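One chain, subunit A, links the two complexes that follow: it is found with subunit B in the first and with subunit C in the second.
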Partner chain A sequence: MDLKTSDGSINRYLSMEYYATSSTVVPTYQSFGAVYIDQSDYFDSLSYIYQAFIMNNKIQLTRVLNTANPVVDWSFEFSEFTATEKTDDKWRRKEPKFITTDPTNPQVFYLSGRYQGKASVMQFTKKQGNMQWWTSFNQLTYIQSIIEVPGSSVFYGCGDYDVNDAFGTAITTTAYTAGIFKMDNDGSVKWFMRISGTNPVSSAANQDRCFGVTIDNEKTGKLTALLQVKMREVRSSTYNPGNYYDTVLM
Partner chain B sequence: MFSSSQGLVKADNYHFFAGWAYGYQTNLQKLTKSSTTLDFDAYVYKYMFNHDQSYSCIYESTITANTMSGRVTLSVQSKIESTDMVTYYRDNSDLLRI
Partner chain C sequence: MLSSGSNALFPMSDQCEYKLLPIYAGGSSDERVNCIKYDPLSGLILVGGNTTSDNFAPAANDHAFIFAIDVTGNWQWGKFYYNVSYAFSNVAGCRFSSDASSLTFQGMGNS
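And now, the complex of A and B:
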């Protein structure tokens, strides 16, 4: 939905549907929030909607002309890594989560989330959807937050690393370490911070995750992170040493 | 408490963070819920670092930088690249798609 910020009224409602949908062909869809409306394209000044979602377990990345009669300008379906993957193969796991932009380059956008089982950030051209680069994190599984920095080519993100990445393991019991990173618009990772503690309950898995990062601007040099952790090292002795999460602002 | 993705923003000197929880307790309020039959509510907190303690609402404790730094491993770009912490793909054809 394209909403009018002043009063919340709906400017436009866009629903994407597989072209061959019928009573017997009904794809399954999943969306994670990867959407961006560009009100005025750098090249033709038109408005476009960029979005990524999953249809039948494959990532779809599309650019749609944002008019009363929307037109798909370009669209891609990401192929699976190999043809021999098992249903539970981690290479199948994906999560197109965020679409962000580069304040210093109006010709590109970023798609970030999880692809081929790993946290990933990709840069694409707006005009044709060409991939410029793709950075895949080998010690990060999910990206939970990503932020642009006003007027800067660098950006920050954070997430967590599912250490064992066992398919079907309950998210409440699997082991996690948190990760925070800084990237530049050439795809390079400037630094990576791994955060890990020990669960106050020794028999339970260590579970440290990161869900948010925020910054005023690059010049202040101060980044705040929202951590969700189970660390006996940082929990005050005032509180019960149980197997529950603490919220930490760092 | 559970945090939500992209669950932190900063406006002026305030941090706002959001998530969900089954019950909560502050200095001013308390809501108790069953820990076995989970019934979650969403929350949003407004927080300022170094605030006047007379305005304290939530239970909080400060973690020293030394304590936290012992739980952190920081890798700079040269180490990230020399130890394969990331894999870079630079060509449009590296991404298989139709």
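And now, the complex of A and C:
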């Protein structure tokens, strides 16, 4: 759904459904926010809607012509590399969460989030949806924020590493470390920073997470991260912090 | 339509009245925000998510909500969405269009 921000009026509402849906064929869907409208494509100047979502536990990546009569221009389904599913199989965990662009190359876009259990960034061509590269992080499970830098090929992201990645473990008790990264448009990771500390309650899990990252100017090198942390190392000892989150801007 | 009444938006506490933010919106059950953007063209902050509060949304089942405030926290507009007209029960995320003229939300309708 595309809105005019000044008054909330709807420019476009698009509902997607499996073509063979019936009373007995009812797919399950999940969405995580991966959507982007390109108002003027570099090749044909038409407007396209890019989005990714999960249908029946498989990622669907689509490009739809943004008109009053939308047409799917191309779509791809991400197949699993094995049909054998294990109990609590972390390789099947996925979250297509962000679609971002490269300010220096209008021919490509990025899909980022989680794939095969790990935080991932993929680059695709806009015209045909061909994957150019895929980078995954061994010490990052979720990407919570990713930003482009105007006029630059580099981009930044941050998120959480679910240390034990135990399926169904409550978010309140499992251990997390925060991570921030810088990548370039060739898929290379320029640096990765892991942020973690010690929960002041020794019997509780260490839980440090990153929910936002932004940069005001690439040339100044000033990066701001929004963290939720329990680590006693950065929290004031004057109020004797306990086993609860504090929000930190770093 | 969302209103700016007592259930929708007001200063968090006396302690915060001299500050611009924080403010809060919501009801007696859960609100989950999955989108927050500042639009420099309209000068508004847009917030989107899911609510199950029947004193915020029309009923206590999944509704999507989107509202806008200005940078000093004043209510501008707000809307709920459910499984009619525009089937949308949850805002999962959002992104500005390429020319930044609009904000696109992705979410789910109720089954």
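The rule is simple: the second predicted complex is superposed on the first by the 246 of 250 C-alpha atoms of A that agree within 3 Å, B and C clash if a C-alpha of one lies under 4 Å from a C-alpha of the other, contacts with A are read in each partner's own complex, and residues count from 1 in each chain.
As a convention for this text, a residue touches a chain if its C-beta (ideal position, glycine included) is under 8 Å from a C-beta of that chain, and two chains touch if they have at least 3 such contacts.
It should be emphasised that the depicted structure is a prediction, and the values quoted were computed from it without experimental measurement.
J.: With both complexes overlaid on chain A, does A:Asn199 touch subunit B (first), subunit C (second), both or neither?
T.: neither
J.: Looking at the overlay, what does A:Phe211 touch: subunit B (first), subunit C (second), both, or neither?
T.: first
J.: For the overlaid complexes, name the partner, subunit B or subunit C, with more touching residues on subunit A.
T.: The partner with more contacted residues on subunit A is B.
J.: Answer with first, second, both or neither: which of subunit B and subunit C does A:Ser112 touch in the superposed model?
T.: Neither partner.
J.: On the A-aligned overlay, A:Lys97 touches which partner chain: subunit B = first, subunit C = second, or both, or neither?
T.: Both partners, subunit B and subunit C.
J.: For A:Glu233, using the defined touch cut-off, is the partner it touches subunit B, subunit C, both, or neither? Pick first, second, both or neither.
T.: first
J.: Which of the two partners, first being subunit B and second being subunit C, lies in contact with A:Ile37: first, second, both, or neither?
T.: Second partner only.
J.: Kindly classify A:Asn11 by the partners it touches after superposition: subunit B alone (first), subunit C alone (second), both, or neither?
T.: A:Asn11 sits against subunit C, while subunit B stays out of touch.
J.: After the superposition on A, what does A:Asn185 contact: first (subunit B), second (subunit C), both or neither?
T.: After superposing on A, A:Asn185 lies clear of both subunit B and subunit C.
J.: Looking at the overlay, does A:Gln123 come into contact with subunit B only (first), subunit C only (second), both, or neither?
T.: Neither: A:Gln123 stays clear of subunit B and subunit C.
J.: Considering only the contact definition stated at the top, list the common interface residues of subunit A for subunit B and subunit C.
T.: 33, 97-98
J.: Which of the residues in subunit A come into contact with subunit C in the complex?
T.: 1-8, 10-11, 13, 15, 26, 29-40, 49, 51, 53, 97-101
J.: Of all residues in subunit B, which touch subunit A in the complex?
T.: 1-10, 15, 17, 19, 47, 49, 61, 63, 67-68, 70-77, 80, 84-92, 94-98
J.: Considering the complex alone, what residue numbers of subunit A touch subunit B?
T.: So the residues of subunit A in touch with subunit B come to 33, 61, 76-81, 97-98, 122, 130-139, 144-146, 187-197, 208-209, 211-216, 224-228, 231, 233-234, 236, 238, 245-250.
J.: Could you pull out which subunit C residues touch subunit A in their complex?
T.: 34-35, 39, 41-42, 44, 46, 66, 68, 77-79, 81, 86-88, 90, 92-95, 97-99, 101-109, 111
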